[in-house]
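First the structure, in the form of C-alpha coordinates, and then the observations on it.
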Amino acid sequence: MKSDCLINGPITPDVITSLMEKISERTDTGGHSVFLGQVRADYENDKKVKAIDYSAYEGMVTVEVEKIKEIILAEFTEVKSIEIIHSSGIVKAGEISLLVLVSAGHRHHAIMACSKAVELIKKKLPVWKMEIFDDDSHLWK
Amino acid sequence: MKSDCLINGPITPDVITSLMEKISERTDTGGHSVFLGQVRADYENDKKVKAIDYSAYEGMVTVEVEKIKEIILAEFTEVKSIEIIHSSGIVKAGEISLLVLVSAGHRHHAIMACSKAVELIKKKLPVWKMEIFDDDSHLWK
Amino acid sequence: MEVKVLFFGVLAEVTGTRLKNYYEVKTIGDLKLRIYDDFPEVIHYNFRISLNNEIINNDPNLNNGDEIALMPPFAGG
Amino acid sequence: MEVKVLFFGVLAEVTGTRLKNYYEVKTIGDLKLRIYDDFPEVIHYNFRISLNNEIINNDPNLNNGDEIALMPPFAGG
(Lines give C-alpha, C1' and ligand atoms only; values in the text may rest on other atoms or scores of the structure.)
Protein backbone atom coordinates (compact mmCIF):
# COMPACT_ATOMS: atom_id res chain seq x y z
CA MET A 1 0.00 0.00 0.00
CA LYS A 2 1.33 3.37 -1.06
CA SER A 3 0.07 6.12 1.20
CA ASP A 4 -0.92 9.55 -0.13
CA CYS A 5 1.79 11.25 1.86
CA LEU A 6 4.61 9.32 0.15
CA ILE A 7 5.55 9.95 -3.43
CA ASN A 8 8.02 7.88 -5.41
CA GLY A 9 10.95 10.07 -6.46
CA PRO A 10 11.10 13.88 -6.32
CA ILE A 11 8.18 16.21 -5.66
CA THR A 12 7.88 17.83 -9.08
CA PRO A 13 6.58 21.32 -9.97
CA ASP A 14 3.34 19.82 -11.30
CA VAL A 15 2.58 18.33 -7.87
CA ILE A 16 3.05 21.80 -6.44
CA THR A 17 0.94 23.38 -9.19
CA SER A 18 -1.95 21.04 -8.54
CA LEU A 19 -1.81 21.92 -4.84
CA MET A 20 -1.91 25.63 -5.78
CA GLU A 21 -4.99 24.99 -7.90
CA LYS A 22 -6.60 23.17 -4.99
CA ILE A 23 -5.88 26.17 -2.75
CA SER A 24 -7.77 28.48 -5.10
CA GLU A 25 -10.93 26.44 -4.74
CA ARG A 26 -11.47 27.69 -1.24
CA THR A 27 -12.18 31.27 -0.25
CA ASP A 28 -12.08 30.99 3.55
CA THR A 29 -8.28 30.87 3.75
CA GLY A 30 -6.09 33.95 3.61
CA GLY A 31 -2.62 32.62 4.32
CA HIS A 32 -0.72 29.57 3.18
CA SER A 33 2.67 28.65 4.50
CA VAL A 34 4.66 26.19 2.43
CA PHE A 35 7.91 24.49 3.33
CA LEU A 36 9.96 22.76 0.65
CA GLY A 37 12.89 20.55 1.60
CA GLN A 38 15.48 20.18 -1.13
CA VAL A 39 18.41 17.79 -1.55
CA ARG A 40 21.63 19.75 -1.16
CA ALA A 41 24.83 18.85 -3.02
CA ASP A 42 26.75 18.74 0.26
CA TYR A 43 30.39 17.77 0.43
CA GLU A 44 31.60 15.02 2.72
CA ASN A 45 35.35 14.36 2.66
CA ASP A 46 35.72 15.88 -0.81
CA LYS A 47 32.88 13.78 -2.19
CA LYS A 48 29.77 15.51 -3.44
CA VAL A 49 26.23 14.29 -2.79
CA LYS A 50 24.54 13.64 -6.12
CA ALA A 51 21.32 12.12 -4.77
CA ILE A 52 19.57 10.78 -1.70
CA ASP A 53 17.85 7.42 -1.60
CA TYR A 54 15.01 7.76 0.91
CA SER A 55 13.45 4.71 2.50
CA ALA A 56 10.29 4.95 4.53
CA TYR A 57 8.27 2.68 6.77
CA GLU A 58 5.09 3.28 4.84
CA GLY A 59 2.55 1.96 7.30
CA MET A 60 3.97 3.94 10.15
CA VAL A 61 4.46 7.08 8.02
CA THR A 62 0.73 7.08 7.33
CA VAL A 63 -0.04 6.73 11.04
CA GLU A 64 2.45 9.43 12.06
CA VAL A 65 1.31 11.91 9.39
CA GLU A 66 -2.22 11.62 10.72
CA LYS A 67 -0.98 12.14 14.28
CA ILE A 68 0.99 15.22 13.23
CA LYS A 69 -2.08 16.69 11.52
CA GLU A 70 -4.13 16.06 14.66
CA ILE A 71 -1.53 17.75 16.87
CA ILE A 72 -1.42 20.81 14.59
CA LEU A 73 -5.19 21.09 14.25
CA ALA A 74 -5.61 20.81 18.02
CA GLU A 75 -2.99 23.48 18.74
CA PHE A 76 -3.86 25.86 15.90
CA THR A 77 -7.63 25.85 15.69
CA GLU A 78 -7.66 28.39 12.85
CA VAL A 79 -5.82 26.00 10.55
CA LYS A 80 -8.13 24.75 7.81
CA SER A 81 -5.95 22.20 6.06
CA ILE A 82 -2.53 20.56 6.11
CA GLU A 83 -0.79 18.71 3.30
CA ILE A 84 2.33 16.66 3.93
CA ILE A 85 4.19 14.93 1.10
CA HIS A 86 7.55 13.16 1.46
CA SER A 87 9.61 11.45 -1.22
CA SER A 88 10.70 7.86 -1.09
CA GLY A 89 13.38 6.43 -3.38
CA ILE A 90 15.92 8.43 -5.33
CA VAL A 91 15.85 12.24 -5.25
CA LYS A 92 18.69 14.05 -7.03
CA ALA A 93 20.52 17.11 -5.70
CA GLY A 94 18.40 20.17 -6.44
CA GLU A 95 15.14 18.23 -6.36
CA ILE A 96 12.43 18.58 -3.71
CA SER A 97 11.87 15.76 -1.19
CA LEU A 98 9.47 17.29 1.33
CA LEU A 99 6.46 19.54 0.98
CA VAL A 100 4.38 20.87 3.84
CA LEU A 101 1.47 23.19 3.11
CA VAL A 102 -0.61 24.71 5.89
CA SER A 103 -3.64 26.87 5.09
CA ALA A 104 -5.32 29.13 7.61
CA GLY A 105 -7.59 32.11 7.84
CA HIS A 106 -4.73 34.39 8.81
CA ARG A 107 -1.02 34.40 8.19
CA HIS A 108 0.36 33.95 11.69
CA HIS A 109 -1.48 30.70 12.25
CA ALA A 110 -0.38 29.33 8.89
CA ILE A 111 3.28 30.25 9.44
CA MET A 112 3.54 28.97 13.02
CA ALA A 113 1.65 25.77 12.28
CA CYS A 114 3.78 25.02 9.22
CA SER A 115 6.96 25.56 11.19
CA LYS A 116 5.77 23.21 13.92
CA ALA A 117 4.65 20.60 11.39
CA VAL A 118 8.13 20.59 9.80
CA GLU A 119 9.73 20.03 13.22
CA LEU A 120 7.36 17.16 13.99
CA ILE A 121 8.03 15.59 10.59
CA LYS A 122 11.80 15.67 11.19
CA LYS A 123 11.32 14.14 14.63
CA LYS A 124 8.56 11.62 14.08
CA LEU A 125 8.45 10.37 10.49
CA PRO A 126 10.10 6.97 10.06
CA VAL A 127 12.17 7.92 7.03
CA TRP A 128 15.86 7.24 6.43
CA LYS A 129 18.27 8.63 3.94
CA MET A 130 21.28 7.22 2.16
CA GLU A 131 23.46 9.85 0.58
CA ILE A 132 24.85 8.79 -2.79
CA PHE A 133 28.09 10.51 -3.80
CA ASP A 134 29.45 11.37 -7.21
CA ASP A 135 31.80 8.34 -7.03
CA ASP A 136 28.74 6.11 -6.33
CA SER A 137 29.81 5.39 -2.77
CA HIS A 138 27.12 5.95 -0.15
CA LEU A 139 26.56 6.95 3.45
CA TRP A 140 23.56 6.39 5.73
CA LYS A 141 22.38 9.48 7.55
CA MET B 1 7.87 51.47 -15.08
CA LYS B 2 6.54 48.14 -13.84
CA SER B 3 8.82 46.65 -11.22
CA ASP B 4 9.56 42.92 -11.03
CA CYS B 5 7.96 42.65 -7.64
CA LEU B 6 4.53 43.81 -8.86
CA ILE B 7 2.39 41.65 -11.07
CA ASN B 8 -0.83 42.77 -12.69
CA GLY B 9 -3.71 40.64 -11.40
CA PRO B 10 -3.43 37.39 -9.44
CA ILE B 11 -0.26 35.36 -8.91
CA THR B 12 -1.11 32.31 -10.98
CA PRO B 13 0.07 28.71 -10.54
CA ASP B 14 2.40 29.08 -13.54
CA VAL B 15 4.27 31.93 -11.78
CA ILE B 16 4.71 29.60 -8.82
CA THR B 17 5.77 26.72 -11.06
CA SER B 18 8.45 28.79 -12.74
CA LEU B 19 9.81 29.77 -9.32
CA MET B 20 9.90 26.08 -8.37
CA GLU B 21 11.87 25.33 -11.51
CA LYS B 22 14.28 28.13 -10.66
CA ILE B 23 14.76 26.64 -7.17
CA SER B 24 15.84 23.33 -8.67
CA GLU B 25 18.69 24.97 -10.54
CA ARG B 26 20.63 25.48 -7.34
CA THR B 27 22.00 22.72 -5.13
CA ASP B 28 23.32 24.76 -2.20
CA THR B 29 19.87 25.34 -0.68
CA GLY B 30 18.11 22.80 1.49
CA GLY B 31 15.05 24.63 2.74
CA HIS B 32 12.57 26.95 1.10
CA SER B 33 9.84 28.72 2.98
CA VAL B 34 6.99 30.10 0.92
CA PHE B 35 4.16 32.32 2.04
CA LEU B 36 1.10 32.78 -0.12
CA GLY B 37 -1.45 35.45 0.69
CA GLN B 38 -4.91 34.75 -0.69
CA VAL B 39 -7.99 36.93 -1.05
CA ARG B 40 -10.62 35.70 1.39
CA ALA B 41 -14.36 35.93 0.70
CA ASP B 42 -14.91 37.76 3.98
CA TYR B 43 -18.29 39.05 5.01
CA GLU B 44 -18.82 42.66 6.02
CA ASN B 45 -22.39 43.57 7.08
CA ASP B 46 -23.85 40.65 5.13
CA LYS B 47 -21.96 41.56 1.99
CA LYS B 48 -19.39 39.14 0.65
CA VAL B 49 -16.01 40.19 -0.75
CA LYS B 50 -15.79 39.03 -4.35
CA ALA B 51 -12.44 40.67 -5.20
CA ILE B 52 -9.81 43.11 -4.02
CA ASP B 53 -8.52 45.94 -6.18
CA TYR B 54 -4.93 46.55 -5.10
CA SER B 55 -3.20 49.80 -5.84
CA ALA B 56 0.51 50.24 -5.29
CA TYR B 57 3.01 53.09 -5.32
CA GLU B 58 5.26 51.33 -7.78
CA GLY B 59 8.41 53.39 -7.40
CA MET B 60 8.35 53.14 -3.63
CA VAL B 61 7.40 49.44 -3.67
CA THR B 62 10.58 48.76 -5.62
CA VAL B 63 12.65 50.73 -3.11
CA GLU B 64 10.99 49.08 -0.10
CA VAL B 65 11.29 45.55 -1.48
CA GLU B 66 15.02 46.09 -1.89
CA LYS B 67 15.25 47.41 1.66
CA ILE B 68 13.34 44.41 3.01
CA LYS B 69 15.68 42.03 1.19
CA GLU B 70 18.69 43.85 2.64
CA ILE B 71 17.28 43.65 6.17
CA ILE B 72 16.62 39.91 5.84
CA LEU B 73 20.00 39.13 4.28
CA ALA B 74 21.77 41.10 7.00
CA GLU B 75 19.89 39.36 9.81
CA PHE B 76 19.86 35.85 8.34
CA THR B 77 23.26 35.41 6.75
CA GLU B 78 22.46 31.84 5.66
CA VAL B 79 19.68 33.05 3.38
CA LYS B 80 20.66 32.64 -0.27
CA SER B 81 17.74 34.26 -2.05
CA ILE B 82 14.45 36.05 -1.49
CA GLU B 83 11.60 36.52 -3.95
CA ILE B 84 8.77 38.93 -3.24
CA ILE B 85 5.82 39.29 -5.62
CA HIS B 86 2.70 41.33 -4.92
CA SER B 87 -0.38 41.77 -7.08
CA SER B 88 -1.69 45.08 -8.26
CA GLY B 89 -5.15 45.52 -9.76
CA ILE B 90 -8.04 43.10 -9.42
CA VAL B 91 -7.58 39.80 -7.58
CA LYS B 92 -10.69 37.67 -7.07
CA ALA B 93 -11.59 35.78 -3.89
CA GLY B 94 -9.59 32.55 -3.84
CA GLU B 95 -6.75 33.97 -5.91
CA ILE B 96 -3.22 34.63 -4.64
CA SER B 97 -2.04 38.23 -4.19
CA LEU B 98 1.28 37.84 -2.35
CA LEU B 99 4.14 35.41 -2.71
CA VAL B 100 7.27 35.38 -0.57
CA LEU B 101 9.91 32.73 -1.15
CA VAL B 102 13.00 32.50 1.01
CA SER B 103 15.71 29.94 0.25
CA ALA B 104 18.43 28.97 2.70
CA GLY B 105 20.88 26.23 3.44
CA HIS B 106 18.84 24.97 6.37
CA ARG B 107 15.18 25.04 7.25
CA HIS B 108 15.20 27.21 10.36
CA HIS B 109 16.78 30.14 8.59
CA ALA B 110 14.37 29.87 5.66
CA ILE B 111 11.30 29.69 7.91
CA MET B 112 12.29 32.50 10.27
CA ALA B 113 13.43 34.78 7.46
CA CYS B 114 10.24 34.23 5.46
CA SER B 115 8.10 34.97 8.48
CA LYS B 116 9.99 38.20 9.11
CA ALA B 117 9.82 39.20 5.44
CA VAL B 118 6.02 38.80 5.48
CA GLU B 119 5.76 41.05 8.53
CA LEU B 120 7.96 43.70 6.91
CA ILE B 121 5.90 43.55 3.72
CA LYS B 122 2.66 44.12 5.64
CA LYS B 123 4.24 47.02 7.49
CA LYS B 124 6.33 48.70 4.82
CA LEU B 125 4.96 48.11 1.32
CA PRO B 126 2.95 51.07 0.00
CA VAL B 127 0.01 49.00 -1.19
CA TRP B 128 -3.68 49.67 -0.61
CA LYS B 129 -6.71 47.53 -1.04
CA MET B 130 -10.26 48.22 -1.99
CA GLU B 131 -12.63 45.38 -1.19
CA ILE B 132 -15.28 44.87 -3.85
CA PHE B 133 -18.47 43.21 -2.64
CA ASP B 134 -20.92 40.99 -4.46
CA ASP B 135 -23.31 43.94 -4.85
CA ASP B 136 -20.45 45.93 -6.50
CA SER B 137 -20.17 48.35 -3.60
CA HIS B 138 -16.65 48.82 -2.25
CA LEU B 139 -14.70 49.58 0.89
CA TRP B 140 -11.13 50.86 1.31
CA LYS B 141 -9.07 48.89 3.79
CA MET C 1 9.36 75.16 -9.68
CA GLU C 2 6.98 72.22 -9.96
CA VAL C 3 6.35 69.20 -7.75
CA LYS C 4 4.25 66.12 -8.42
CA VAL C 5 1.74 64.98 -5.79
CA LEU C 6 0.35 61.43 -5.82
CA PHE C 7 -2.83 60.40 -4.00
CA PHE C 8 -3.22 56.76 -3.02
CA GLY C 9 -5.91 54.44 -1.76
CA VAL C 10 -8.98 56.14 -0.40
CA LEU C 11 -7.37 59.55 -1.00
CA ALA C 12 -7.40 58.94 -4.76
CA GLU C 13 -11.13 58.35 -4.48
CA VAL C 14 -11.78 61.31 -2.16
CA THR C 15 -9.82 63.77 -4.31
CA GLY C 16 -11.00 62.23 -7.56
CA THR C 17 -7.44 62.20 -8.84
CA ARG C 18 -4.26 60.18 -8.56
CA LEU C 19 -1.87 62.96 -9.55
CA LYS C 20 -1.76 66.73 -9.34
CA ASN C 21 1.12 69.08 -10.01
CA TYR C 22 1.75 72.01 -7.69
CA TYR C 23 3.87 75.05 -8.47
CA GLU C 24 5.92 77.39 -6.31
CA VAL C 25 5.55 75.53 -3.01
CA LYS C 26 8.50 75.97 -0.64
CA THR C 27 7.92 73.27 1.99
CA ILE C 28 5.79 70.23 2.74
CA GLY C 29 3.87 72.42 5.20
CA ASP C 30 3.02 74.88 2.41
CA LEU C 31 2.04 72.02 0.13
CA LYS C 32 -0.32 70.52 2.71
CA LEU C 33 -2.16 73.83 3.04
CA ARG C 34 -2.51 74.02 -0.73
CA ILE C 35 -3.85 70.47 -0.86
CA TYR C 36 -6.35 71.14 1.92
CA ASP C 37 -7.51 74.19 -0.03
CA ASP C 38 -8.10 72.12 -3.13
CA PHE C 39 -9.49 69.03 -1.37
CA PRO C 40 -10.82 70.01 2.06
CA GLU C 41 -12.05 66.46 2.78
CA VAL C 42 -8.45 65.17 2.85
CA ILE C 43 -8.01 66.60 6.32
CA HIS C 44 -10.36 63.96 7.71
CA TYR C 45 -8.11 61.08 6.65
CA ASN C 46 -5.10 59.56 8.30
CA PHE C 47 -2.06 59.50 6.00
CA ARG C 48 1.72 59.65 5.85
CA ILE C 49 3.72 61.66 3.37
CA SER C 50 6.67 60.48 1.30
CA LEU C 51 9.15 62.65 -0.52
CA ASN C 52 10.95 60.93 -3.37
CA ASN C 53 10.05 57.47 -2.01
CA GLU C 54 11.10 58.18 1.59
CA ILE C 55 8.56 58.71 4.33
CA ILE C 56 9.13 62.05 6.06
CA ASN C 57 8.33 63.14 9.58
CA ASN C 58 9.65 66.69 9.37
CA ASP C 59 8.96 69.62 7.11
CA PRO C 60 11.69 69.67 4.44
CA ASN C 61 12.06 72.25 1.71
CA LEU C 62 10.89 71.19 -1.71
CA ASN C 63 12.85 71.25 -4.93
CA ASN C 64 11.83 71.29 -8.54
CA GLY C 65 10.84 67.81 -9.71
CA ASP C 66 10.16 66.36 -6.27
CA GLU C 67 7.60 63.58 -6.03
CA ILE C 68 5.35 63.69 -2.97
CA ALA C 69 2.81 60.99 -2.08
CA LEU C 70 -0.10 61.09 0.35
CA MET C 71 -0.39 57.57 1.68
CA PRO C 72 -3.19 56.17 3.86
CA PRO C 73 -2.19 53.25 6.14
CA PHE C 74 -0.69 50.41 4.09
CA ALA C 75 -2.82 47.36 3.49
CA GLY C 76 -0.77 45.02 1.34
CA GLY C 77 -0.64 41.25 1.48
CA MET D 1 2.97 -18.10 16.09
CA GLU D 2 4.76 -15.90 13.63
CA VAL D 3 5.89 -12.28 13.72
CA LYS D 4 7.25 -10.08 10.93
CA VAL D 5 10.43 -8.10 11.56
CA LEU D 6 11.35 -5.13 9.33
CA PHE D 7 14.85 -3.67 9.10
CA PHE D 8 15.20 -0.06 8.02
CA GLY D 9 17.94 2.31 6.95
CA VAL D 10 21.48 1.16 7.66
CA LEU D 11 20.09 -1.95 9.40
CA ALA D 12 18.65 -3.21 6.10
CA GLU D 13 22.14 -2.93 4.65
CA VAL D 14 23.88 -4.47 7.66
CA THR D 15 21.53 -7.45 7.83
CA GLY D 16 21.26 -7.79 4.06
CA THR D 17 17.48 -7.98 4.37
CA ARG D 18 14.43 -5.77 4.82
CA LEU D 19 12.15 -8.45 6.23
CA LYS D 20 12.50 -11.65 8.25
CA ASN D 21 9.82 -13.74 9.89
CA TYR D 22 10.40 -15.15 13.36
CA TYR D 23 8.46 -17.98 14.99
CA GLU D 24 7.61 -18.80 18.58
CA VAL D 25 8.98 -15.64 20.21
CA LYS D 26 7.20 -14.61 23.40
CA THR D 27 8.45 -11.07 23.99
CA ILE D 28 10.40 -8.25 22.36
CA GLY D 29 13.31 -9.21 24.66
CA ASP D 30 13.28 -12.78 23.27
CA LEU D 31 13.08 -11.44 19.73
CA LYS D 32 16.06 -9.12 20.19
CA LEU D 33 18.21 -12.04 21.33
CA ARG D 34 17.16 -14.05 18.26
CA ILE D 35 17.96 -11.12 15.98
CA TYR D 36 21.40 -10.64 17.58
CA ASP D 37 22.03 -14.35 17.05
CA ASP D 38 21.21 -14.05 13.36
CA PHE D 39 22.83 -10.64 12.80
CA PRO D 40 25.47 -10.01 15.49
CA GLU D 41 26.51 -6.69 13.94
CA VAL D 42 23.08 -5.17 14.70
CA ILE D 43 24.12 -4.76 18.34
CA HIS D 44 26.55 -2.00 17.31
CA TYR D 45 23.80 0.24 15.98
CA ASN D 46 21.49 2.65 17.69
CA PHE D 47 17.83 1.91 16.96
CA ARG D 48 14.29 2.08 18.32
CA ILE D 49 11.70 -0.66 18.04
CA SER D 50 8.10 -0.31 16.93
CA LEU D 51 5.33 -2.84 17.44
CA ASN D 52 2.42 -2.49 15.01
CA ASN D 53 3.43 1.10 14.14
CA GLU D 54 3.88 2.26 17.73
CA ILE D 55 7.31 2.86 19.23
CA ILE D 56 7.76 0.79 22.40
CA ASN D 57 9.92 1.45 25.41
CA ASN D 58 8.98 -1.61 27.46
CA ASP D 59 9.06 -5.35 26.77
CA PRO D 60 5.54 -6.36 25.69
CA ASN D 61 4.44 -9.89 24.85
CA LEU D 62 4.12 -10.70 21.18
CA ASN D 63 1.12 -12.08 19.37
CA ASN D 64 0.70 -13.92 16.11
CA GLY D 65 0.85 -11.52 13.17
CA ASP D 66 2.62 -8.71 14.99
CA GLU D 67 4.81 -6.39 12.91
CA ILE D 68 8.03 -5.27 14.55
CA ALA D 69 10.45 -2.74 13.04
CA LEU D 70 14.05 -1.96 13.94
CA MET D 71 14.46 1.72 13.23
CA PRO D 72 17.71 3.72 13.26
CA PRO D 73 17.35 7.45 14.07
CA PHE D 74 14.92 9.08 11.66
CA ALA D 75 16.38 11.27 8.92
CA GLY D 76 13.47 12.53 6.85
CA GLY D 77 12.99 15.90 5.26
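Letters A, B, C and D name the chains as they come in the text, with residue numbers starting at 1 for each one.
What we mean here is this: a contact is a pair of C-beta atoms (placed from the backbone, for glycine too) under 8 Å apart; a residue touches a chain by one contact, two chains touch by 3 or more.
Everything quoted here is computed from the prediction, not taken from an experiment.
Engineer: Leaving chain B out, what are the touching components among the remaining chains?
Structural biologist: The remaining chains, counted without chain B, group as follows: A, D | C.
Engineer: Which chains does chain A share as contact partners with chain C?
Structural biologist: B
Engineer: Can you work out the whole-Å distance between the CA centroids of chain A and chain B?
Structural biologist: 22
Engineer: Between chain A and chain D, tell me the centre distance in angstrom, where each centre is the average of that chain's C-alpha atoms.
Structural biologist: About 26 Å, centre to centre.
Engineer: In whole angstrom, what separates the CA-based centres of chain B and chain D?
Structural biologist: 48
Engineer: Chain B: which residues touch two or more other chains?
Structural biologist: Expected reply: 37, 107, 118.
Engineer: Mind pulling the residue numbers of chain D that touch at least two other chains?
Structural biologist: 77
Engineer: Per the touch rule above, enumerate the chain pairs that touch, sorted by label.
Structural biologist: Going through each pair of chains, those in contact are A-B, A-D, B-C.
Engineer: With touch defined as at the start, can you tell me which chain B residues reach chain C in the complex?
Structural biologist: Those residues of chain B that touch chain C are 37, 54-57, 59-60, 63, 86, 97-98, 118, 121-130, 140-141.
Engineer: Touching chain B in the complex: which residues of chain A?
Structural biologist: Chain A residues touching chain B: 13-14, 16-17, 20-21, 23-41, 93-96, 105, 107, 110-111, 114-115, 118.
Engineer: In their complex, what parts of chain D are in touch with chain A?
Structural biologist: 6, 8-10, 12-13, 50, 53, 67, 69, 71-72, 74-77
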